[in-house]
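In the two complexes below, subunit A is the common chain; its partner is subunit B in one and subunit C in the other.
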Partner chain A sequence: MKKKFNLAPVFFVGPHLILFIVFILLPTIYGIYASFTKWNLLGAPEWVGLDNYKTIFFDSTSTFHTQFFRGLRNTLMFVVLTVPLLIIIPLMIAVALEHKKVKAKSLMQSILYLPGLISISAAALIWSLIFNKQLGITGNVFGSETVWASHQPYAWIMIVVLTLWGGVGGNMIIYRASISGVGQDLYESADLDGAGPIRKFFSITLPSINFPLIYTFVMTTAGAFNVFGQPLMLTKGGPQESTSVLMMYIRKLAFGSGESIAGMASAMAVLLGVVILIISALQYYLMNRKSA
Partner chain B sequence: MKKKLGALLTLVLVMTTVLAGCGGKDDAKTITFWTPLTGDDGAYMDQLVKDYNATNPEIKVKHVVTSDMYTKLSTVLNSKKGIPDLTIIHADRVPGYVKQDLLQPMTTVMQAQPELKQDNYLPQAWSVGNINNTQYTIPLDIHSSAMYYNKDLLKEYGVENFLDDNVVTFDEMMSLKGKLKQGDYVVNDALLSWVILAQIQNLGGDIQQDGKPAVNTEAMKKAIESVKKLNDAGLLTPQGEDGYLMFQSGNVLFSTDGTWSSTAHAKVENLNFGVTNVYAPSPDKFTNRASSHLFAMFKNEKRTEEKEKGIAAFLEFIRSNSMEWAKAGQIVASKQVNESPEYKNYIQSFFTSDEKETKSLYIYTYEYYPYVAEALDTYVSDLVRGNVPIDEGLKTMQKYVEDKINEN
Partner chain C sequence: MSNQAVVDLKKNTNVTPKKGGKISISKYVAYLFLIILCLLWVIPVIFGITTSFRSQTEVVSSGFRLLPENWIMENYVAILENTSTAPILRWLYNSVFIAVSHTLLVVVVISITGYGYSRMKFKGRDTLFFTLLGISFFPGVVNLIPSYKIIDALGWVNTAWAMVIPGLAGMGNIFLVRQFMNGIPKELDESAKVDGASDFRIYFSIILPLVKPILIVCALFSFTGSWNDFLWPVIVYTDVVKMPVTAGLLLLQDIYGNYRMIGQLMGSAILAIIPTLLLFLFAQKYFVQSINLNAGIKG
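== the complex of A and B ==
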């Protein structure tokens, strides 16, 4: 019998596939090509081979080299500071919300998720006022004399606090959905065996939400590498460029003042992409192997 | 199967039609006018365009506020599709665009409307669009840095005399060292790089020498050192604090900012403020670092002669009717507007009140000015605050600009 061609998947996947090709795949391919060129966006790209990469990696006298590695170091700092917290805190909240004695779960979940819906600019404005010594809560209510944005580690603390405020809710919802799907019979059996809450968490809950955990870990890390809005709005990359992250520099190169240096910016973007790819693959491999 | 295929084709057809609609078509009776005016000023420009269209011109103007306009311009100029008929660009972009042969001279536009001529505009705003005796732009305004002062605070500290000659000097500000209440400051650090660029002119320096960037210079060093003295004396608002908001909350005597901020200050209740020149070493030489919004036409084969006449008519309307633009806090470039009695109601009229003031408006036209400004924006705050030694910072800034130029 001749097999009928099923059009339904085309309707579901087609639009997404078209958008993916037009807005992600083709620009990515063009970005990789641009990274081998000298290009100011206005004229035609001029092929320079590996020159951009050589400058970034080996020309230590070049501003591009200095800024790339400074930006990468600061980005890594952000990743290290925020990713573990964006995994652990939402997990703890999700577990706590599942407890029988906790009331108004949906309300609490909504309150925690709400900051994630606010644009990063608006959120940064709110927090910059909170941390303002002269006008904000820290100075007026708590009497803090610290000018947060211009001193470390306070500048990083501001950025981390804003990131957690906006980012905890999303992961928390994923964990809650996963935890609610764990079979109650497992917990009942554990109760019969006399297991305490900590034991149940490590022996039942955590292994049961293995895949959501890997997913959030990988996605949160990739997202953290793309950090841009928080340092831009709160600290403008300061003090002394200690919070100037790579995405800020790439954007400044590509679309900042004067003529664009799009070739070099593309090379840096490609390198950032490679770093994210390697780290995500490593995370996935390690966590998957551990859970196997 | 046939039904499904039919549905699929219909969907494709609908999507194609919708997407084609999004692209828009080149209407021969519409002037597409791109501006980067994403703030309140966009609304004022909208009103001007609306007023012009209400005169029932043969060709109407369609105002498109475009965020990231320069990036989008690169895209359309590259593809040669969708190039706007008319655009507002900033003064510092002109040399680069002319060098790359992207701008069409305003010759035909000026021929169509003879009043679009040098004599009818502020000289600086007109001349920034003139390269090798060819006029590439028609000015809309000068937007300058300015210094606002809090009248109540000046009275409280008994220093109203600072304004006697309309120039507050470094020495006058330093005289307040140790005399301020806790939480009060003499001056904020908003638009700090513009303040430094003004001081370079005050000190007789420049940002270029023979076409090459001159950032690591004595004038730059002196300019930074003089502002650093204010910081070291505790008179500058702290780094990382919003000095602009602190001025609005009544804790800062002087606020260096743009003329356009007057509209926001005016909305603050009980803020009794005025405007004067940006501080300088002496009253003999003072500069207000400025830029200019300019009307420009990018080269486009599809732009007809008829449309160019329409553009000329629109620009002539703006020249004679742009009082609306003063509401945005800008120094209107048209002399007909800025010399009219009504214009005196606007605070920025101070900067065209006499010849000396008009001459104080300085627009940098160096081709690589944007890179110099970017370097200043990145590093100058840390230099003024003493976080980085000035000599080391100047070398870094010089290299920053040179590397960018070499990569272009």
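== the complex of A and C ==
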């Protein structure tokens, strides 16, 4: 006897499956395909094989070659500058907040979390006021005569500060929840052995929150590779394109005014995607192995 | 703080057994660190707010002050009157409409889909789920340009649909809901099934009330995520009237003449953060609720 086909799962899983196919699967496949084409976004893409990739990698006279490697270098710069701080500072906050004798925890946690709710464009407007030579804090309080957005290393400092201000809250909450889940009996027996706070941190806290650490490290890094809003709003990619990140070039090539070079932009996007995937996998592998 | 306390700390960190050493300098270190950070975190917002109540002459001439000499409302009046180049109320309305519709749909989609992948039995269920999850790890930057083409083909450029619908396809929230539902005892719905309840009935009357906490958390993050999205609206919207406020603010730097109207610029930024701040005040305990990844893994 053949069992009657059950329609119910189709109803429950089907709608999202369609959304997934239309808005994630097909665009991803098409994005990879488009990277092998010459495409102006309007007409049909014209297959050119590996031409885009060859240009990006080997044609040092081409602007695409220059833009890709400059964009990648600046993106990596952002990742290297922000990711360690986005792990370490939230961890320090979480440990401080978990201190038994500290009061007003939820008020302080809220203050530190709040900037994460402020959109990058509003946050950037506020911070560019602070970094304004005439009007802001850097000029008036610290007497800095420099226009920060157009001088290095100040342009990077602005971007890093804005990123930290908005970014530490999310990781802090994950760490805090994880640390509060660590068994109190572990700390109590450490107290009996006379272990100090630093010793307890490295011997108990850190090993116990191993998974949250891996998770936030991988996610924060992958997120940092997609950086776009901070340099666009604060420095417009300057000075001398030293903060122009890859996402800015990809957007300009695909959607900017003038000629759209969507095939080339797709190739750069695929390469950025591959870099993110490799680094995420590597992080996951290395951290998992170390802790095992 | 006495020197004695410093000595105590040194002893403590050196693992010298000093049972019940009561004076804990670590408390003061923690306080100092937290208070400095909190000040650094809150001053920019205060400075932005007070500057929005300053006249341009005061901003330029008076040097740094945290509070204005004269509180003025003119900046806000000017912002609200400028409905042609910077229609901020319209942008705020767009953002609220987009974020609310997106959030409501997210809750519907993730609860239904989570039920499907967690509580129902069908062939290849887990294979399908983990395949989708695996694909979704592929960085979104690759599908950015084709996604725009799809939105364009659907006629959704410069409409709210472009912001509301594509984000529903994500897997992150569904993963969380599925994990949460897996923790609910199977006997609950199995006995209901024996009594002849349909899947829809079980979903609606039994599972949905039980997963409310995780749905609230997902809803809040979806709302703020949608509200603060920047790259996608900057790509999808060219029509000033239709765009959400995040994209609108990008235009302001030019509209307000590169800081020649700093009060208006700050006022606009402040208006743009009010809705998420209000949401946070009302739903604070859910925002900062424990997201304990350790428990998620072991449990």
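The rule we apply is simple: the second predicted complex is superposed on the first by the 271 of 292 C-alpha atoms of A that agree within 3 Å, B and C clash if a C-alpha of one lies under 4 Å from a C-alpha of the other, contacts with A are read in each partner's own complex, and residues count from 1 in each chain.
By definition in this document, a contact is a pair of C-beta atoms (placed from the backbone, for glycine too) under 8 Å apart; a residue touches a chain by one contact, two chains touch by 3 or more.
Remember, predicted model here, so these are calculated numbers, not experimental data.
Q: Look at where subunit B and subunit C land on subunit A after superposing the complexes, then choose clash or fit.
A: clash
Q: Of the partners subunit B and subunit C, which touch A:Asn132 in the superposed model: first, second, both, neither?
A: A:Asn132: touches subunit B and subunit C.
Q: Kindly classify A:Ala149 by the partners it touches after superposition: subunit B alone (first), subunit C alone (second), both, or neither?
A: Once the two structures are laid over each other on A, A:Ala149 reaches subunit B alone.
Q: Given the superposition on chain A, which partner contacts more residues in subunit A: subunit B or subunit C?
A: The partner with more contacted residues on subunit A is C.
Q: Look at A:Ala177 in the shared chain and tell me whether it touches subunit B only, subunit C only, both, or neither; answer first, second, both or neither.
A: Second partner only, subunit C.
Q: Figure out whether A:Tyr285 sits in contact with subunit B (first) or subunit C (second), or with both, or with neither.
A: neither
Q: Now for A:Thr63: first (subunit B), second (subunit C), both, or neither, which partner does it touch?
A: first
Q: Applying the document's definition of touch, where does A:Thr235 land relative to subunit B and subunit C: first, second, both, or neither?
A: A:Thr235 sits against subunit B, while subunit C stays out of touch.
Q: Looking at the overlay, does A:Leu41 come into contact with subunit B only (first), subunit C only (second), both, or neither?
A: Once the two structures are laid over each other on A, A:Leu41 reaches both partners.
Q: Touch test for A:Phe255: subunit B only (first), subunit C only (second), both, or neither?
A: Both: A:Phe255 reaches subunit B and subunit C.
Q: Looking at the overlay, does A:Phe202 come into contact with subunit B only (first), subunit C only (second), both, or neither?
A: A:Phe202: touches no partner chain.
Q: Please pick the stretch of subunit C from 253-261, 271-279 or 289-297 that overlaps subunit B when the two structures are superposed.
A: Here subunit C runs into subunit B along 253-261, and the other listed stretches stay clear.
Q: Return the residues of subunit A at which the contacts from subunit B and from subunit C coincide.
A: 11, 41, 128, 132, 134-135, 255.
Q: Where on subunit A is subunit C touching in the complex?
A: 6, 8-9, 11-13, 15-17, 19-20, 22-28, 30-32, 34, 41, 92-93, 95-97, 99, 101-102, 106, 108-123, 125-130, 132, 134-137, 140-141, 165, 173-174, 177-178, 180-182, 191-199, 208-209, 211-212, 215, 222, 225-226, 228-229, 232-233, 247, 250-251, 254-255, 262, 265-266, 269-270, 272-273, 276-277, 280
Q: Can you list the subunit A residues touching subunit B in their complex?
A: Spelled out, the residues of subunit A in touch with subunit B are 4-5, 7, 10-11, 38, 40-43, 61-64, 128, 132-135, 147-151, 155, 235, 237-241, 252, 255-261, 263-264.
Q: Can you name the residues of subunit C that touch subunit A in the complex?
A: Those in contact with subunit A are residues 9, 12-19, 24, 26-27, 29-31, 33-35, 37-38, 40-42, 44-45, 47-48, 51, 59-60, 63-64, 109, 112-113, 115-117, 120, 122, 125, 128, 132, 135-150, 165-166, 168-171, 174, 198-200, 203, 224, 227-228, 230-231, 234-235, 245-247, 249-250, 252-253, 259, 262, 265-266, 268-270, 272-273, 276-277, 279-280, 284, 287-295, 297.
Q: Quick one: in the complex, what on subunit B touches subunit A?
A: Listed in rising order, the residues are 1, 4-5, 7-8, 11, 68, 70-71, 74-75, 77-78, 92, 96, 100, 102, 183, 238-242, 245-246, 249, 251, 368-371, 373-374, 378, 381-382, 385, 387-388, 396, 399-400, 403-404, 407-408.
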